[in-house]
Amino acid sequence: MSQPAAIEVVDVSKRFGPRWAVARLTFTLATGRALLLTGHNGSGKTTLLRMLATATFPTAGHIRLFGQETRAERAALRDEVALLSHASFLYEDLSAEQNLTLVARLRGVPQAKAAVAALLDKVGLTTRSDSPARHFSAGMRKRLAIARLLLKRPKLALLDEPFGELDPAGIRQMEALIRELKDGGTGVVLATHLVEQGQSLTDERLHLENGRAVGAQA
Amino acid sequence: MSGHPKILAGAFEVLRKDLLIEWRTRARLNALIFFSLATLLLFSFALGPDSELLRKNAAGYYWLGILMASVLSLGESFRIETENLALDGLRLIPTDPRAVFLGKAFGNAVMLWLLSLIVLPVMVALYDVTIREGVAQLAGLLFLGCLGISAPGTVYAAIASNARARDVLLPLLLFPVLLPSLLASVKATGLIFEGDPMLQLRSWVGLLASFNVLYWGLGFVLFPKIIEDD
Amino acid sequence: MRHWTLTYSSQTQALLWLPMILLALVLALIGVHVFDPKARRWTWKALAVIGVGMAVGQPFLALSWVPPEKYMGDTGRILYVHVPQVWMALIALTLNFGASLAFLLKKSWVSDALAEASAEVGVLFGAVGVTLGALWAKPTWGAYWTWDARLTTAAILLVVYSGYLALRKFIEDPEKRATWSAVVGIFAAVDIPVLWFSVKWWRSMHQTQSNPSTVDPLMTAVLRYSATAFLALLAVFIYQRFLVASAKRNEEVALPEALPAVGGTP
Amino acid sequence: MNFPSPILAADYVGHVVGGWEYVQGAYGLTLVALLAYGAYLFNARKDRS
């Protein structure tokens, strides 16, 4: 292999108290491929995504992204991996624009102001850019969270239920956006209950039950 | 790549964000001001109308008022971080956890300092205090004292915000640890009020500064252990 | 000062060495216990026998064998338990600091369990020690509580570590509990000497510590004997509490080996 | 002659004015605290094994 795999999960287990959220999971995802992650609530999807995003780390086993171990190389990997989480990561008292500007500045994005304005336009929040996130609907929060993710131009995008809480137009936009990411060479991991929608966007599928991979299928 | 300038730049952004949030939620700051005023009033009620006693112990009551308010403001500063898991988002941007500590702890110190300055004139009137050694010195000392509260305060608030019964836990953990810097602050403030004929002020301020170095160093090293999930 | 020291019989003189020999024995047993895991099955039992035996004999020595103190009279006898109890508390809390530091440097459930055990036992000995101190202070100084540096520091120390124990109870996730309490343990331990000096300077009231050269050798011997007895008990308590904590941790944190390997690849 | 003897102890109880019961109380307290903790540990150990 000339290029290390985008994701390499080796016998990973994650425990929360007495419960195993992810149990002895092993899989790889080649660079440039998109993975669909399915499973019921509590099957370990979110935990897996959080581990891939370096938000938390395995109790046992190893995760390597682009050949780098997550625990050891977290600082470098966080630059390249972006997570669209169930929690929006937003500061409720800051406006949409201020939330994005904070991220842009912390990442050292050049011309932060212009970049933020362009992204707000892209997710259709320009008219509400000055209202605090507290006043946003669930769908609008999702859009803002996506804009936050796009500030990163990640090599790997981890999307936890990206279609949840979006209206039909929003879902179409999201689909277009995921395609755009894929075409741009970004690896995508997509966790969703909408299996058909997800399958049309991805190349591979991993089904989780009680933290284990079940019935592997392409 | 992640050298010291980057930590300081990150800390500055975190500080800016915290102050911006405080500014956008001014109502909360107002509530805090009235809370500490109420505390100062309660001391004078509890002790009766002995104005001599109040004046003598003014520095102590003043710092107790600030301390009480600090628990609320520290708790609040981490409530905004646990909401929407914003602190996780901050980590993953990525922001160096030490930068988060420096930014938040400094922000908390600034907030407490502003609070103490706003309450100061009322305290002076209420306890009939004269500031003999100059208001500038007092302001500097207040800031040093607030820094001494905010460093361990930020560490402990981060811990308490994720535990059950956090409202009980934060003061329980924090107050005893704060005692040394609080004692030094009270002594030095008292000397500024009463005058400093023996020139003891310098050594108390020096002591307070040393506590600050110790607590900020500990916080800088240990804070990442608290917010990194491994 | 006390010339009657010279009138001890040779029998009594020889007995003054007994506490030191017992102390060496207890320390040796603790050393074997720490460094030889296989010996742990019997070392703690031996320590328990010595500790209980000596503790039973202790009131006998302290209440009747030793003559009353010249100035304090019989009240001074409280010191034979008060002082060693506080020493033991300090030893236990120092151990807590070591365990906390060890945990942060290298995660291990052993150091976490040891931190839990030493803090709890330390608080127990500290609480008894401080209570006895207050009981001694009432007839001696006329008040249960004088705000001198040592008393104040001891009291705050108890509050600090009670907070530590409360924190441990309030966090369910074992990993987080271990890490966070280790951080709190280090903050607390570093704060103790700082606190002591600050309270001392704050009060600027001096009380010089007595040392063996100014005290009758008979009294020193009894003090050492008591300290040895409590040290043996301290070791047994910490070890037993450590076993309880370890067992609880094992229940909380199952090992991944317990899971069958049924990996799958997409 | 200073060797521990119950007679001597009784002598003290008879002679020493005040304070003596007080001192014994302090010793009793220590004993009770240590015993209680030992019993608690013994119980906890029994539950775990």
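Should a chain be cited, it is by its letter among A, B, C and D, assigned in written order, with residues numbered from 1 in that chain.
By our rule, a contact is a pair of C-beta atoms (placed from the backbone, for glycine too) under 8 Å apart; a residue touches a chain by one contact, two chains touch by 3 or more.
All of these numbers come straight from a predicted model, not from anything done at the bench.
More inter-chain C-beta contacts link the pair B-C than the other of B-C and A-C.
With centres defined as mean CA coordinates, chain C is found 34 Å away from chain B. One finds 51 Å separating the Cα centroids of chain A and chain C. Note on chain placement: the centre of chain C and the centre of chain D lie 18 Å apart, centres being C-alpha means.
Once the centre of each chain is set as its mean CA position, chain A and chain D turn out to be 65 Å apart.
Listed for chain D are no residues, as none touches two or more other chains. With touch defined as above, chain B holds no residue shared between interfaces to two or more other chains. Contacting chain pairs in the structure are A-B, A-C, B-C, C-D. Residues 1-2, 10, 13, 17, 20-21, 24-25, 80, 83-86, 88-96, 229-230 of chain B are the ones that touch chain A when the two sit in their complex.
Per the touch definition, chain D reaches chain C in the complex via residues 1-6, 8-9, 12, 16, 19-20, 22-27, 29-31, 33-34, 37-38, 41-42, 44-45, 48-49.
Per the touch definition, chain C reaches chain B in the complex via residues 104, 156, 159-160, 162-164, 166-167, 170-172, 176, 179-180, 182-184, 186-188, 190-191, 194-195, 197-199, 201-202.
Interface residues of chain C facing chain A in the complex, by the touch rule stated above, are 172-174, 251-254, 256, 259-266. For chain A in complex with chain B, the touching residues are 53-57, 71, 74-76, 78-79, 81-83, 85, 87-94, 98, 102-103, 105-107, 132, 148.
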